[in-house]
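Note that chain A is present in both complexes that follow, paired respectively with chain B and with chain C.
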Partner chain A sequence: MPTTLENWNPGKAENRHPEVAYEVKERLFLETKNDPRYHEFLYGCYECGICVSACPTARFYDYSPKVIAQAMAREDVERIYDIISEDIWNCAQCFSCVRCPRQNNPGGLVTILREVAVKSGLQETKDVLQGYSRVIYKVMLKGNQVSPDMLQPDLFADWGPWVQNFSANMPIWKKAIPVDSIRGVTDAAWKVDRKTLLELYTIWFETGSMEIIKEVDEGLYDLLSDIMQEELEEG
Partner chain B sequence: MSSGKILIIGGGPAGLEAARSVAELGGEAILIEKRIGLGGTPISEGYAKLTHHWRDASEAMAELASAVTGNANVEVKYQAEVKGFSGSAGDFTVQIEANGKAESLNVGAVIVATGFQHFDPGRATQYYNYYSFPDVITITDLEKMLKENKVVRPSNGETPKKIAFIQCVGSRDRQIGNEYCSKVCCGVASKQAIELREQITDSKVFIFYIDMRMYGYWEPEIYWPAQEKYKVNYVKGVISEVLPKGNQLLIRGEDTTMSRPMEVTMDLVVLSVGMEPSAGTRAISQLLGLQQNKYGFIEAGGASGIDPVGTSKPGIFVAGAASGPSDLDDSFAQAGLAAARAAAAVRKVLA
Partner chain C sequence: MTELTTVEEILERKSHSVRRDPKLAHTHDMHESLLELEAKGEIILQRVPEPFVEVTTKYGRLKKIPVEHTWHHKSCGQCGHIPGYTSSIFWLHRQLGLDYVDPTDQTSCTGWNYYASATSNMAAQASVMSRNFATAYETGYFPLIHCGTSFGHYKEVREQLVQDKELRDEVRRVMDKLGKPLVIPEEIVHYSEWVHIMRGKFAERQVVDLSGITATVHPACHYYKVVAEDAIYDPDIYGGQRMATVTTMLKALGINVADYSTWFDCCGFGFRHILVERDFTRSFAVQRKIEVMKNEVNPDLVVTHDTGCVTTLDKSQFSGKAHGRNVGIPVLSDAQVAALAMGAHPFRVVQFHWHSTDWRPFLEKLGIDWQKYWDEFQVDLDAIRAGTKSGVTWADADQPVVYGNK
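On to the complex of A and B.
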């Protein structure tokens, strides 16, 4: 695409996603910008870098909250597409970055971008969230937490090289070190009261959470909603 | 013979404020101005609006000038220059030439307010091609166009849609010899960027900078509104060169935020040229025997080192950009202090 006034961005020499139409990228940007929270999350940036120094993710990954704030401020549509398709999933949403002296909230921008990414059903978003199907299934259906042996090792690269080891050996370790408080948690965790579970299911449907899951994983949505609706009907 | 009169050299903002202050303190002032009218660089360079409360420059300078010309305690001499100088504090003899006529003045104290000149971008070490490409202009060139509310690309008369400011042209540069910061260019460029966004609403305006030096209230009054309200893009990184590309200008630099080199086209490139001592400041330093710093500005500080209007010679004071880059706040404040010091100096001699 030739550089024009509309698509020119000062931050990027190349277009990393030429296969995606500019209009698509622009729509994602506008959706983000039109979010009612946007103007409270972004004022202006003078590159002080306090958000980067406070950011735990920035220590370990090629991720910068400053770049996110600056890209948004510059309305750099191409770079925002890079960010929405990749960088936003590196953020831990810890909001350490809100100490910004200009009162920007890069973490909040990431929140909006994530919502836009999920709602738009971006393929990159589906790929990133693929590993979480089991986690979502467990949390939403059973109302309890995840244990390490639930992780699918190939999909959690950010756990480092140990994840393979953990995943493979966890059941043996559990047996070798029988700790009462942990036993049971690894496979079933605690049991959530049925009334609470039914309330949770209602919340998932009423708040639109199920619709969001439908965008990123339709199979999981079908499975979850079938079971939940059945349970709700039984009462 | 001891004299109670105070000579003010230069009729720009600092000289006018000094003359007005001397008169208001009950002193007698003679103000000499090389040009045909008062107002100094803001008038001769056609400034549009001042960073000061967005005052119209002509209007603000006219107010100041009329406060001086309308004061019986101030005598103004136009097209006047100092030709010779002798004596000491309380009793200086100054040979001047005014309107082609030689005169001798006897004064007790002198305030030098001979100001600055804008850096000539032909001397820039970067390749900005000011003298080659008509669409490379300076902040002073732009100021004149803003004043007319008609900003165009000089090459073809069209309205520019992509405009880049390059900061620190002729400032903070060891190779050029101007190692100092010129203080006002960040504020002026930001002010102009706001005006551009107002006058050309569909324009994109970029400011490429090393550091933005928006001291004091310039931060909330100019810098933040430029970014937040007027959507001016500030990109940290200075441009290394400006090249022709079709009928546009290609600029090369580093986008330090995104840590990558950058090459983009612009319709208009504005060089934020800094301040240098004016020819008058250099000449008067020699004539009066005042110590200059390595950049040619008059060395201020006085004997104590902490007197911002003191020079190396008792009885001679300096105000405004003759002693270094100053904004109008600096210049007016120094002018008032210089007036007080000069008035005290002649009072001591006369007592």
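On to the complex of A and C.
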């Protein structure tokens, strides 16, 4: 929508997403604001820009933690929708922005906004998380996320020829580690006892985590819940 | 929160100089609340076991760091991609004869779901943390957290648990289902804090002269920016204005620690970025960290104390090299440096072969004949391949190597 004298509002963003009802945007904002962490993360904003100068993401993307803090402080529902539908996924979650002299935590605001975006099943969020299913699968099913077998030469070509050498030797190298809990384990970071995994699956079901996965990736949800249910039934 | 009344005070706050007086801290210390919750019977507060060393945190509070009887909350990124990091931590314990547990009833902290994909919620995060802490408590050992992210994340979750009764009740309900108590340790301790208090012991057993080495330190964001008041600061390190861990240990070993202008910048890891937007990670790690260090102080080594930082700073250098940038500094953790200094085998323990930026010139500068030790390690690998050896064990790795340069 072009800005005219009639709709110009210097304090608020213009409506860049007319296809989404205002009530939907407002609900997302209120859900963020009602999160118990919100009042710890935002106390207002001096507009000093210290967070921007500390922010790694602001150097490489069209992104600003200051804009996020200000939009939240002004309750600028349209701007917040812009942020929640795209910007939040650029944040590196480094928390360099806690240098804020007002004691704000813009990175923390991003964390809440991301959780609201995921819970609400925003299409933009589903798109962003598409390449991410394997990570979620590992951490929820195996009890730890980073496994040596994920370093495939075609996926990590930018790490150079080392990856090829690594990939060819990894199973043997993994046996040549003196730490008992990690020696020889290639599909997880360390051995996790079956009882521990069952406890973890119970946590996912009891805390509503599985419902969150269902919102972002129904196929992944089906896969994970089938395996976990079966394991839990076996006991 | 301290009231700001004058322009000078506001400017001082903005300049972020650290005043080491707990009463002046703008952050709230929740240790008293933990004692109250314990008195009410809401939680079990696990005490730091004796012997411990007390060290000062950012605003002057004393934090107890256990020397031994520790339950090692491992890091998935370390065990999966930089295993010499994990084995060095354990090797150091073994050299000093310290009691520890390497558990298999531990899970990751799920910080990945929190900081990367947000496919999590407060109750799940707090339950995962509490399950790990309850398990450590039941084992009778105190948690020592290897990962900077788990350390920062657990401190955030601990604050949430203290402040939010509804969350506590929900987590207690989940723990009841698991048949476990709700346990919060008196201190959440990062392994680099243990390295910090043990540095004198490492120096006593040092067999490699490191006085010719210049290193830069990358402070890990999730160690000192998340729940910042709990990180360790020391007046002797940058006047108490920057975190002390890592730097203190390097200095104790005689390494020259060089400052560089982008010390506060993150490494570029970014959680989702390292996996699905690595162009950002590579560019940031090369342009804002490695190249700056190289141009300003040209160190022999970068040392850090977190999983993601070692991986990012090490693995990103290949693309920088391919683009003709000024890169090429090996990256190690503080524990790996300490272990190497005490004679840990470069491959059986420090596991240099899992690092991609060329580490050979660094070892050569120390007078360490890496080829000789690589050949020894190849004998292990050949035996494993031939099925005559199941793997490298502590029996192979415990014995320090006498490098003979000191």
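Following the convention adopted for this analysis, the second predicted complex is superposed on the first by the 175 of 235 C-alpha atoms of A that agree within 3 Å, B and C clash if a C-alpha of one lies under 4 Å from a C-alpha of the other, contacts with A are read in each partner's own complex, and residues count from 1 in each chain.
Operating definition for what follows: a contact is a pair of C-beta atoms (placed from the backbone, for glycine too) under 8 Å apart; a residue touches a chain by one contact, two chains touch by 3 or more.
Quick caveat: nothing in here was measured; it's all calculated off a predicted structure.
In the overlay built on the shared chain, the residue A:47 is in contact with chain B alone; chain C does not reach it. Within the superposed three-chain model, A:70 lies in touch with chain B and out of touch with chain C [touch as defined at top].
In the superposition on chain A, A:199 contacts chain C only, with no contact to chain B. Between chain B and chain C, more residues of chain A are touched by C.
Overlap of the chain B and chain C contact sets on chain A: empty, with no shared residue. By the touch criterion given at the top, residues 1, 10, 13-14, 16, 26, 74-81, 83, 86-87, 90-91, 102-108, 110, 112-124, 127-128, 131, 135, 152, 160, 163-164, 167, 170, 173-174, 177-178, 180, 221-222, 225-226, 228, 264-266, 268-273, 275-276, 278, 280, 282-284, 288, 315, 318-319, 321-322, 347-349, 351, 353-354, 356, 377, 380-381, 384-385, 390-394, 396-398 of chain C touch chain A in their complex.
On chain A, the positions that touch chain C within their shared complex are 36-37, 48, 50, 54, 56-57, 59-61, 89, 91-96, 98-99, 101, 103, 111, 114-115, 117-119, 129, 131-132, 135-136, 139-140, 143-148, 150-151, 156, 158-160, 162-163, 166, 169, 172-185, 188-193, 195-197, 199-200, 202-204, 206-209, 212-213, 216.
The residues of chain A lying in touch with chain B in their complex are 3, 5, 8, 10-13, 43-47, 66-67, 70-71, 73-75, 79, 102.
By the touch criterion stated above, chain B contacts chain A in their complex at residues 161-162, 204, 206, 212, 223-224, 227-228, 231, 233-236, 255-258, 260-265.
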